[in-house]
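Labels run A, B, C and D following the written order; every chain starts at residue 1.
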Amino acid sequence: MDIGFIGLGHMGLPMLGNLLATGHTVRAFDTSSGAIAQAVERGALPSRSVAELAASADVVITMLPTPSVVRGVICGPDGVLAHARQGALVIDCSTSDPHTAAEIEMIGAASGKTVVDAPVSGGVPGAKAATLTFMVGGSDLGFESARPILSVMGKNIVHCGPAGSGQAAKLCNNLLLGVSTIAVSESMCLGVSLGLAPDVLAQIINTSSGRCWVSEVYNPYPGVVADAPASNGFSGGFACDLMIKDLSLALDSAHNSRQPLPMTALSKQFFQVLSHQGGGSKDISAVVGLFKK
Amino acid sequence: MDIGFIGLGHMGLPMLGNLLATGHTVRAFDTSSGAIAQAVERGALPSRSVAELAASADVVITMLPTPSVVRGVICGPDGVLAHARQGALVIDCSTSDPHTAAEIEMIGAASGKTVVDAPVSGGVPGAKAATLTFMVGGSDLGFESARPILSVMGKNIVHCGPAGSGQAAKLCNNLLLGVSTIAVSESMCLGVSLGLAPDVLAQIINTSSGRCWVSEVYNPYPGVVADAPASNGFSGGFACDLMIKDLSLALDSAHNSRQPLPMTALSKQFFQVLSHQGGGSKDISAVVGLFKK
Amino acid sequence: MDIGFIGLGHMGLPMLGNLLATGHTVRAFDTSSGAIAQAVERGALPSRSVAELAASADVVITMLPTPSVVRGVICGPDGVLAHARQGALVIDCSTSDPHTAAEIEMIGAASGKTVVDAPVSGGVPGAKAATLTFMVGGSDLGFESARPILSVMGKNIVHCGPAGSGQAAKLCNNLLLGVSTIAVSESMCLGVSLGLAPDVLAQIINTSSGRCWVSEVYNPYPGVVADAPASNGFSGGFACDLMIKDLSLALDSAHNSRQPLPMTALSKQFFQVLSHQGGGSKDISAVVGLFKK
Amino acid sequence: MDIGFIGLGHMGLPMLGNLLATGHTVRAFDTSSGAIAQAVERGALPSRSVAELAASADVVITMLPTPSVVRGVICGPDGVLAHARQGALVIDCSTSDPHTAAEIEMIGAASGKTVVDAPVSGGVPGAKAATLTFMVGGSDLGFESARPILSVMGKNIVHCGPAGSGQAAKLCNNLLLGVSTIAVSESMCLGVSLGLAPDVLAQIINTSSGRCWVSEVYNPYPGVVADAPASNGFSGGFACDLMIKDLSLALDSAHNSRQPLPMTALSKQFFQVLSHQGGGSKDISAVVGLFKK
């Protein structure tokens, strides 16, 4: 199969690497020629444009930063849908929003292409280790076509429902991640201010009703989890500004149905305080600094 | 060993039952004579007062509703410390606050009694099944003396630090429980409003970075976890008004060190809305009703 | 002078009435033919399209519901700028956002038209009584050209700065209105729950440091201000859903500069709870129902 | 009339000065002998204890920092009620809480003394200029007896209802002050980040529906109001830690009736962030620093 991959950032490059490792032909495009060069080093074929890549691929995978970039790259006049073959499959792994994803799928269907949204969970480590979770929205056929390809890059491929459902699930998960990061920060800082040792407190929480992925794997209190960003200067991991983006998409999605999301809204504000103070590119766990002496 | 047990409510009675099952002599007291009668039915000896009970016990266990009741029962002129034997051990399993617990321990030490605070996690099911977690604050000696007795009623006995540390750990855990309950409610309701099936969404969250004890075991969205209170009319479980109490204790503890706890503070307000609307005795997961169509 | 007026709703019609009362020729357009008929009854000339209206007017005034409608009506291929005369003045009285307003002004300038943004404060009563406040963004020349016309419809015409500044000022004011409405609700409900008479409490607040426009003029507690919406079944006034729109625009404007607005964000959530429960078209003061027994 | 005054801080001293200015005999007591010396300089007679002062006074005025100090000084064994004459009038000008005030009044009545709670609004400037607002709780007789004395120290003397009502009104007012301070901070900082001049924005708000005492008199944005603390290094004024105390009393009062106060709760958290960062003794308007670039 001939696969095209657009968007060669921290996530895209290792995902493409896993596709190459299984013997697929992979064409690569990015607006950065340096990123294309890195993909070629790994064994990919370079493309000179989205259009050129789309014209020669059976499957096009996109991994892009925002809904408006996604829309431009996939639906624009020089975009994927305008140049892909009849019957091509487009797998959008970007985090965008349910509405955009549903619209793109309809536009694709109208011109004979199958589109699924398949945002990921697991971060750069998951992309490298091919252990990502893919939350897939689209038709049954779209899901079944995408599954074998996604299985090369991840280990948990879930069909969430029709087009847009993958994005919906991603936003629902990530708002919990955002709220938990701040809540665990509050809990740890309170405990320490009351005289508890951080590792003892974390151990108790992790065997009690307060436990969560953040307290166990990604504890924002420095020194509690050795390989978490909090123990490594808040570098790497999930950038604060990306979390602000995801929380904003969740809040915008909730807006139409007037769905109240008060904890989500307040969380976004604290990440915005962090970003406002210059921490936008730090890991989300740096928010603990607002609560820690 | 001769054990006295004060406070025979939903938690105290089954805890006392487990002590009796291992052959200990247990004396029981409560302000409700009906509760004493229930304890006697299980094999306990009735006491006519706190003073009488304290005078004849090697170990006194208390399970009481508020810090001020704890203080009265343990430190009052007719209380435990005034009437217990030299060398007696007092194990306070109530949820109170770190400051109260530390003060009581000092008063006890001054009159030759050992006091530990040992609040629990695990609820009524854990009390019945003897699987409670005890978070213990006190001296090494106090902890070692209390451990064999607590092991009869629970399976996870953690020494958190000096007097008050058990209460501190309990509050830090429970604020996470409170915040998570609302955050999972927001996430589930947003997902459903965007067209996701609740069980599919829960499955995705539970294998992703948003997972937590609440999403897995105690999901507030009706029908997702069969034996959770949310699937049983929000009855049983952890009463909203008790959560308000715990969050208030956490916020008060934070007050002295000026520790900010914004998510905790906002969570308390939503449980207060629920209670204000008449839901104070419902399970905490009933808060989902504020976000669900 | 020949004036065109587009957008004949609750605000637009009485504003147009005041222009007619001073003898101006006013052409009217709306997507509702009924609204045009009402304008004609008052003495306006009907237009069949935006293009026709724009072609024959020296000044075009727009009063439209959302930024995207504003953009379409003013900048679209059949819109005001495409058909207006060289040198025409466009006064956009809609509430949109600073970014949209600045962009439209630039597009206008490029084709020889002057555009100012001039959102209003004062509501339907102010529109009828010609006592509106206009917050004007645009060049000095634009402001001076618009002032005499705006003076016919309002009494307080403020030049806030360059294009977009009127919208910025409007959003900054309205977020305060939103927060105050909820804060006064909390204060009044707490006072009443503590045994205070609502009118006595309002009197004290209004002579103390808690006083605000909402407590004095628009008190959300029923019965305190006789002609406020709260004393008239929460009808009339400023619809909850419009407040949600304004708060959303403020939050979106803050997003780019990472400006934290926590109280604003939380306020929006409570109006969203009200709307979610079916109160989207009620006056904003109906939010008091969430706090009142 | 022989007046005793207990509590000679920033507020108490100038209030006592105004009483002396009208020719009353005033006895003064404070735990600081330096404060007593300052009162004597102004013409007061020194007392060696609360008991001595109470024994010789017709009227005792207290201005103390916390509810527990109030309770000790008025109700303790060496306190005012134990030593005052039958028929004496006690005016407590401290900010405490409605419950404490009502209890003290009952204890006083049982021993033949009249107690009113009369907390103040207006700050140190109002205390110096004798322009304070007194919010009085107590019987009609108590109010009528206190009024002439309070009129010497203030210009607005309001009977709010039975004992405790003065405290209730004070807390309801001050929570609005706290919320407004943060809300105006958000509004001003957003406006400035969008390019508005702070004084232009303040002028618009102050003639629109967002206006409040804070925006007009106490604007937290530096430079907008020349004699506000914000324009003078956030010194003087109303200390952040005192606002935290008042908001805590309001939240505690609300707790019993399960009255939700979400904006109040969130405001307290931001003042707590400020205090946590070392700003507890700064004026409340220093909270603007959390939102300002």
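Points to keep in mind about this one:
Operating definition for what follows: contacts are C-beta pairs under 8 Å (C-beta built on N, C-alpha and C of every residue); 3 or more make two chains touch, one makes a residue touch a chain.
Just so it is clear, the structure is predicted and the values come from calculations on it, not from any experiment.
Two chain pairs, C-D and A-D, are compared here, and C-D has more C-beta pairs in contact (counted per touch definition above). Most remote from chain C, judged by the distance between CA-atom centroids, is B.
Centre to centre, using the average C-alpha position, chain C and chain D are separated by 38 Å.
Per-chain CA centroids place chain A at a distance of 52 Å from chain D. Residue positions of chain B touching 2 or more other chains: 254, 257, 259-262, 266, 270, 273, 276, 290-291. If you check the complex, the residues on chain D that touch chain B are 244, 248, 254-255, 257-262, 265-266, 268-270, 272-273, 275-276, 280. On the chain C side of its complex with chain D, the touching residues are 98, 121, 133, 135, 156, 158, 160-162, 164-165, 168-169, 171-177, 179-180, 182-184, 186-191, 193-197, 200-201, 203-205, 207-215, 217-218, 250, 253-254, 257, 259-264, 266-267, 270, 290-291. Chain A contributes residues 262, 266, 273, 276, 290-291, 293 to its touches with chain D in the complex.
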